[in-house]
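Order as written gives the chain letters A, B, C, D, E and F; numbering starts at 1 within each chain.
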Amino acid sequence: MRFGIVVNEGPYTHQASDTAYRFAVAALEKGHEIFRVFFYHDGVNNGTRYTVPPQDDRNLQKLWSELAEKHGLDLVVCIAAAQRRGILDANEAKRQGKDGDNIAPGFRISGLGQLIEAGIQADRLVTFGD
Amino acid sequence: MRFGIVVNEGPYTHQASDTAYRFAVAALEKGHEIFRVFFYHDGVNNGTRYTVPPQDDRNLQKLWSELAEKHGLDLVVCIAAAQRRGILDANEAKRQGKDGDNIAPGFRISGLGQLIEAGIQADRLVTFGD
Amino acid sequence: MGTLHTINKSPFERNSFATCLAHASAGDVILMIEDGVVGARKGSSFAPALAAKLSSCAIYALGPDLAARGMKPEDVLEGVKLVDYAGFVDLTTEKARVCAWL
Amino acid sequence: MGTLHTINKSPFERNSFATCLAHASAGDVILMIEDGVVGARKGSSFAPALAAKLSSCAIYALGPDLAARGMKPEDVLEGVKLVDYAGFVDLTTEKARVCAWL
Amino acid sequence: MSDENRKKFLYINRKAPYGTIYALESLEVVLIGAAFEQDVSLAFIDDGVYQLMANQETAGVGMKNFSKTYRALGDYEVRKLYVEKESLAERGLTAENLMPIVYEDEDEDYAEKPSLIFVDRSEMAALIQTQDVILSF
Amino acid sequence: MSDENRKKFLYINRKAPYGTIYALESLEVVLIGAAFEQDVSLAFIDDGVYQLMANQETAGVGMKNFSKTYRALGDYEVRKLYVEKESLAERGLTAENLMPIVYEDEDEDYAEKPSLIFVDRSEMAALIQTQDVILSF
């Protein structure tokens, strides 16, 4: 089956990103396809490469980035939510006149249409949030 | 009186930062002193200069930065919470081997001891959060 | 001097408001802010619990938060007083400590 | 095929769990995850409501979340089944849609 | 777009506005989603009914008042806003406390028709069973 | 430090661990705060009592198990952990479901004494009235 996954909360603060990650791994292990993981609301905070979690804790950004690389996942950060919360890629930084960017490898910034498209294209859309 | 203010949630997602800001303005207008504003949990996300809220909405980071400049406020972002959530100043970026930083003007990164000290030094500690 | 209890959660969504009421002592002040103000509405299923607490505590709601949620002063349970942010500051100074029920 | 309802909130903290139960139709599946698993405990004040729903819906709890909160399988209300993440994935494929009660 | 390619999208709104951003960001999805010409319904359950309150005044809290956007949804072909009666009653609210929200029916000479549909809990449960995609806020 | 300069700090914990970070980050404040030699109490109310559950096993959720830290609090002079009886009962829990948490009393030949103090709701309300600073999580 083809899944769409929605992550609505940032890493660490809520368990949503952890559960979504483990759900995604389990789905891939079962041979399912993941059409897209869409990060909305505070979920956009999963996509900053500036995080430095304690050494004895999991690094959720890295886990997502590595899973994306291994399985060719499409990790999309909502642009409107990202702007409110300070997540930028190089293009956005330039467009907004910011002096740097913080998007993590494997994540891309795009519009809310990508969420609707995931709803249309996926057999099941599964939401994790607060 | 001397106030300590604790902000536990990021801007926009919860109203906590808005309410704390308006409380701080009202306290200053009444002639009270604000010993420190401490940003904990997702509250650290108030301190990134990368935010670009919609033009017709308030810019909470700017509001805090400007209030701090006008009144000499001490805006402290918790270092442990900031590391988990990707808020860095130049020193931290260097120390952690990151290629940039995103701390906003008027905010500084420091330890949790600053929260305890605010509790000790302030006549009233007021918490805003989720 | 007693305690100022702030409650920023809807009593219909979370147990925080009920816990706040259960831990406020006689002579304390309770202030509803943010989504907590929806608990101030007269005629709701929560109103009797709030009304009962009025016999032992002063209860306030933050006016700007009521207005944002489409509530007028006359929609508020009788006995609940309104304050603005300046009044919120005053309440914190009048009590010995602030306890936030999140 | 019916609906898979996921609930990730404690029934003692929020109304989400009660709302989930009230909107799950006969033949639906309810899966407790994250803090929602504390609702699975036998002997709690919430257990009667959950037990009543077992007559019309299959109810599951995510085992890893139970373990994290110090709960063993024998602590769980009779009739509630445990799944792991792979079982969670299977439940989503067996029902026509997933409704998350946040 | 043929009906076969249309999916039924249900947006479930359960949180009050302003205290958290979910109401606003839900509305942003609905507006963008309208361009995809799916079969869209909105549900207002629990504190979500506060999103529809009339007379929202946000100057005092310094936040953007987005309540007028609900009244414009008809222009985006979003015309089915299901409001749960039990949620209103529990909060001491009635239909009269909500904004009037209407759409113009192009099939009936652009007559104004109400977009708010008041349903009880069992009807809301039945509505969920008819959907393809559910987005929760 | 003289008693006059000591303030009474109460940390109120009302959330279950792991579902949100508040329990962990509350503990981090308590540990740092211990160095300031204040008069510290912790309160566990509502779902906060789950923080003290015995046998927490987090390998399956991939998160750090920080429950052992509560058992080390005695070494940091944090020895008053108030647990609300009504909160336990509502959740079908008893004191036996919680971790044993003790401290060594240096005034009594390092005898082990319990740090958990079980109080009812009215006692918890009275405790709040005696505090200088309240931090809520």
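Keep in mind that, in the parts below, a residue touches a chain if its C-beta (ideal position, glycine included) is under 8 Å from a C-beta of that chain, and two chains touch if they have at least 3 such contacts.
Quick caveat: nothing in here was measured; it's all calculated off a predicted structure.
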*Go through the assembly and pull out the chains touching chain C as well as chain D.*
E, F
_So, comparing C-alpha centroids, which chain is the farthest one from chain C?_
A
*asked:* Taking each chain's centre as the mean of its CA atoms, which one is most distant from chain D?
replied: B
*asked:* Looking only at C-beta pairs that count as contacts, which pair of chains has more of them, C-F or D-F?
replied: D-F
*Any idea what the CA-fit rotation angle from chain A to chain B is, to the nearest 5 degrees?*
180
*Separation of chain B from chain F, taking each centre as the mean of its C-alpha atoms, in whole Å*: 27
*Mean-CA-position distance for chain F and chain E (Å)*: 43
_I'd like to verify one number: the distance from the centre of chain A to the centre of chain F, where each centre is the average of its C-alpha atoms, in whole angstrom._
35
*Distance-wise, how many Å sit between the C-alpha centres of chain B and chain D, to the nearest whole number?*
38
*For chain C, which residues are shared contacts with two or more other chains?*
8, 12-13, 15, 34-35, 64, 84, 97-98, 100, 102
*Send over the residues of chain B in touch with two or more other chains.*
12-13, 15, 19, 22, 41, 54, 80, 84, 125, 127, 129-130
*Do you know which chain F residues sit against two or more other chains?*
14, 18-21, 46, 61, 63, 132-134, 136
_Taking the top-of-page definition of touch, could you list the pairs of chains it picks out?_
A-B, A-D, A-E, A-F, B-C, B-E, B-F, C-D, C-E, C-F, D-E, D-F
*Mind listing the chain F positions that touch chain A in their complex?*
18-21, 61-64
*asked:* Going by the contact rule set out above, which residues of chain C touch chain D in the complex?
replied: 12-15
*asked:* For a test of understanding, state which residues of chain C touch chain E in their complex under the given definition.
replied: 8, 10, 12-13, 34-35, 38, 41-45, 47, 63-65, 67-72, 84
*Okay, in this complex, where on chain D does chain A touch?*
6, 8, 33-35, 64, 84-86, 88-90, 92-93, 97-98, 100, 102
*Would you tell me which residues of chain E are touching chain D in their complex?*
12, 14, 45-46, 121, 124-126, 128-129, 131-134, 136-137
